[in-house]
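In order of appearance the chains are A, B, C, D, E and F, and numbering begins at 1 in each one.
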Amino acid sequence: MGASSGQTGGHSGGHGDGRAAGGRYEQFQAFRTRLNERILNQGKPEGQGGAATIVTKRFFALDDQTYRDTSGEGGLDKKTKELLGLAASMVLRCDDCIAYHVDQCVQAGCTDRQIWETFDVALIVGGSIVIPHLRRACEFLDECRTRGS
Amino acid sequence: MGASSGQTGGHSGGHGDGRAAGGRYEQFQAFRTRLNERILNQGKPEGQGGAATIVTKRFFALDDQTYRDTSGEGGLDKKTKELLGLAASMVLRCDDCIAYHVDQCVQAGCTDRQIWETFDVALIVGGSIVIPHLRRACEFLDECRTRGS
Amino acid sequence: MGASSGQTGGHSGGHGDGRAAGGRYEQFQAFRTRLNERILNQGKPEGQGGAATIVTKRFFALDDQTYRDTSGEGGLDKKTKELLGLAASMVLRCDDCIAYHVDQCVQAGCTDRQIWETFDVALIVGGSIVIPHLRRACEFLDECRTRGS
Amino acid sequence: MGASSGQTGGHSGGHGDGRAAGGRYEQFQAFRTRLNERILNQGKPEGQGGAATIVTKRFFALDDQTYRDTSGEGGLDKKTKELLGLAASMVLRCDDCIAYHVDQCVQAGCTDRQIWETFDVALIVGGSIVIPHLRRACEFLDECRTRGS
Amino acid sequence: MGASSGQTGGHSGGHGDGRAAGGRYEQFQAFRTRLNERILNQGKPEGQGGAATIVTKRFFALDDQTYRDTSGEGGLDKKTKELLGLAASMVLRCDDCIAYHVDQCVQAGCTDRQIWETFDVALIVGGSIVIPHLRRACEFLDECRTRGS
Amino acid sequence: MGASSGQTGGHSGGHGDGRAAGGRYEQFQAFRTRLNERILNQGKPEGQGGAATIVTKRFFALDDQTYRDTSGEGGLDKKTKELLGLAASMVLRCDDCIAYHVDQCVQAGCTDRQIWETFDVALIVGGSIVIPHLRRACEFLDECRTRGS
């Protein structure tokens, strides 16, 4: 669960990946799965052999919990939380986090219009330095839609 | 309109204001009004005497436009846009922007729960460096509620 | 314990406090205590009346855990962890976090030389934009030493 | 015009491109052209099919306007504005924005000495964290000069 | 010399100072002088009693050197270098650094128009998060002009 | 010496390199050596032909000096300074700087546990936006260990 939810499910699909349209999504999933397994490796002693400390593991779990739909108890729904994560990721300019949340927004049922208006807020708050990330986000969003994810 | 909407309506109520509970909200409004008038001063030549250039003025107008409710045409409603602005402001750690958006969220009808869950996303994405801003945001939110704004 | 450890124990002593030498340390403690009580208020329902959500509370606890001395089990000692927290806070330029970690470093027994060399790393990594924070950190360190804390 | 001016004309030539000397400049131009067309696509309804909202389009136009030579009316010339954009991009550490402004500086007639002194300001203000970006900027500048752009 | 040049000559005049128009400039000078003397204190052993290490002292000297007028040898003039320092300080959002460079720009003979166009570049590159700093910069610039500095 | 020590010894091994496990370390060394020679090229006039100005050269030397072991004179040892550099690089999210300091930590004799606890501090201070960098750091650390460096 933790491995596929929250920002911790992000990937290392690097800058420039956008140029290899069609392959970035798969790289995203493969690297995420492989490294999450390594970092959260339950079988190894803490802090050794690539296994994370208990602090890191708890942070991953907490990250996962943050984006849960709480609309049933008066909180925010999944769509809104993922848009919030996307806006925060864009102004902090992390391509991997942006890709992760774009994918989550698509899976949660956000429309292109809703995602683009979130891009707007990030662009205005964060300025033109956000633009290269917006380009890659645009291309990644297209790839998500094409895959029917 | 531009003077009371968007992040451009923010204020210079500085760090530490939280300690003078009861006064920060008024300082927020007074400084915002005074400086917006100076910066957007229509009567002076561009870039002189404290009057902004046309670029700055257009940016202020565009900032204003970004947070408009577009739910009627398939976009995001005012509440969601203000929560997005709040999340972006928190991870970028700007107290004035946070105060502005907290006030806008309250005026748009967001509940404490919705605002606190937005704090959650910002805290998890941005880390413990966000905490001092979360404290001031908490105190400012209380002040907004007390005023019945 | 959580209220006095980790970065969550930080304060809102604002920018410019350095000018009121002699009073910043007390403001630091008073604001920290008051706001931590409000945020972590156990008696109120989640996300209401200034009480944080479970996500925020867990993050505060995790932040506390991060700086514990683990030298007995092969990890880093308290001094080193606080110097790490100080370096990270300086390059991210958060005065409150810097003040908190300077105080913790002093309480953990770090010498001025060790603290200044940590300032060096932060200054070189972060550049001249760190200097105003270094000035306030210097003044706060002096105040901590004067108090015999 | 907007497609070839301002930071919006940036590209997605990613990190590490410097290693493939000789190809980065072309990738820069190709990706910029392709994504600008997609984002600013005039023929599609707002916020759908990869076409940006009116907010994004206006921001791109405003970005373009910011770097226009206004020396004839008492403002700054093109060279100075591009050096300002370069310094801002370097301290914010965005390789694409840096590459774009290096190219614009070269086209505006800035000398290597002027560009390197701008690197100096960015390095001192932003610290050693800027160095990896300075390396890639150095290599990109060489490529721009080699092409005789 | 180092005490009055470069960003190291900055001050700790804090956020919100803008509200106390008329006094910020003097606080700026007083705090700068006092803390520079403490940090660069030549009479104390390195890293003790508030005296900086040799690394910090060399960084201060290098910062000073960065903004020297080199137009006589084919480099950039003082005005341009200070505008570069101002743009970098604005996008990194450090009020003290902004105030320092605004003062240096005024002393170097920059016009309001030139300073405001530098604000433009910083605003467009850095986004609306820059606005609260722009407000304080505007007020500080007015104070510098009023003093005839 | 300067060319192989301090953060200036960093490289341009880009984002996503981690996916090409086995090759990143060599690219790291090759690019670092080539660009350092170009930037610090002693034979060319200042600011021309890719040779850095005296400011840049002095900064590189100062960066080198910052991480020297001063434990013999009451300062911090090499291990601690490299862990400080690593924590600062992680919260500022620069993959090249992180890779450089991970390598230096390994060469200085830091254990996996000590490095992972430094990752913890960076993750808690900097938040989930640090996670993609933590993944690449984890993979790079494994590669350093495998090489027996």
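FYI, contacts are C-beta pairs under 8 Å (C-beta built on N, C-alpha and C of every residue); 3 or more make two chains touch, one makes a residue touch a chain.
Please read all numbers here as calculations on a predicted model, not as lab measurements.
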{"item": "Each chain counted as touching chain D and chain E at once", "value": "A, B, C, F"}
{"item": "Of all other chains, the one whose Cα centre sits farthest from chain D", "value": "C"}
{"item": "Rounded Å distance, chain A centre to chain B centre (Cα mean)", "value": "26"}
{"item": "Distance from chain E to chain A - Cα centre to Cα centre, in angstrom", "value": "38"}
{"item": "Chain centre separation in whole Å, for chain D relative to chain B (CA means)", "value": "30"}
{"item": "Multi-chain contact sites of chain F, meaning residues that touch two or more partners", "value": "7, 14-17, 47, 55, 59, 62-63, 66, 74-75, 88-89, 91-92, 97, 113, 117, 120, 123-126, 128-129"}
{"item": "Topology of the chain contact graph, where touching chains are joined (line, ring, star, complete, other)", "value": "complete"}
{"item": "Chain F residues touching chain C - in the complex, by the definition given at the top", "value": "7, 62-63, 66-67, 70, 74-76, 80-81, 83-85, 87-92, 97, 111, 113-114, 117-118, 120-122, 124-126"}
{"item": "In the complex, chain D residues that touch chain B", "value": "47, 54-55, 58-59, 62, 65-66, 74-75"}
{"item": "Interface residues, chain C side, partner chain D - complex", "value": "91, 123-130"}
{"item": "Parts of chain D lying in touch with chain A, wherever the complex brings them together", "value": "6-8, 10-17, 27, 31, 35, 38-39, 46-50, 52-53, 55-56, 59, 63, 88-89, 92, 94-97"}
{"item": "Interfacial residue positions of chain B with respect to chain C in the complex", "value": "14-19, 93, 111-113, 116-117, 119-120, 123-124, 128-129, 131-132, 134-136, 138-139, 141-142"}
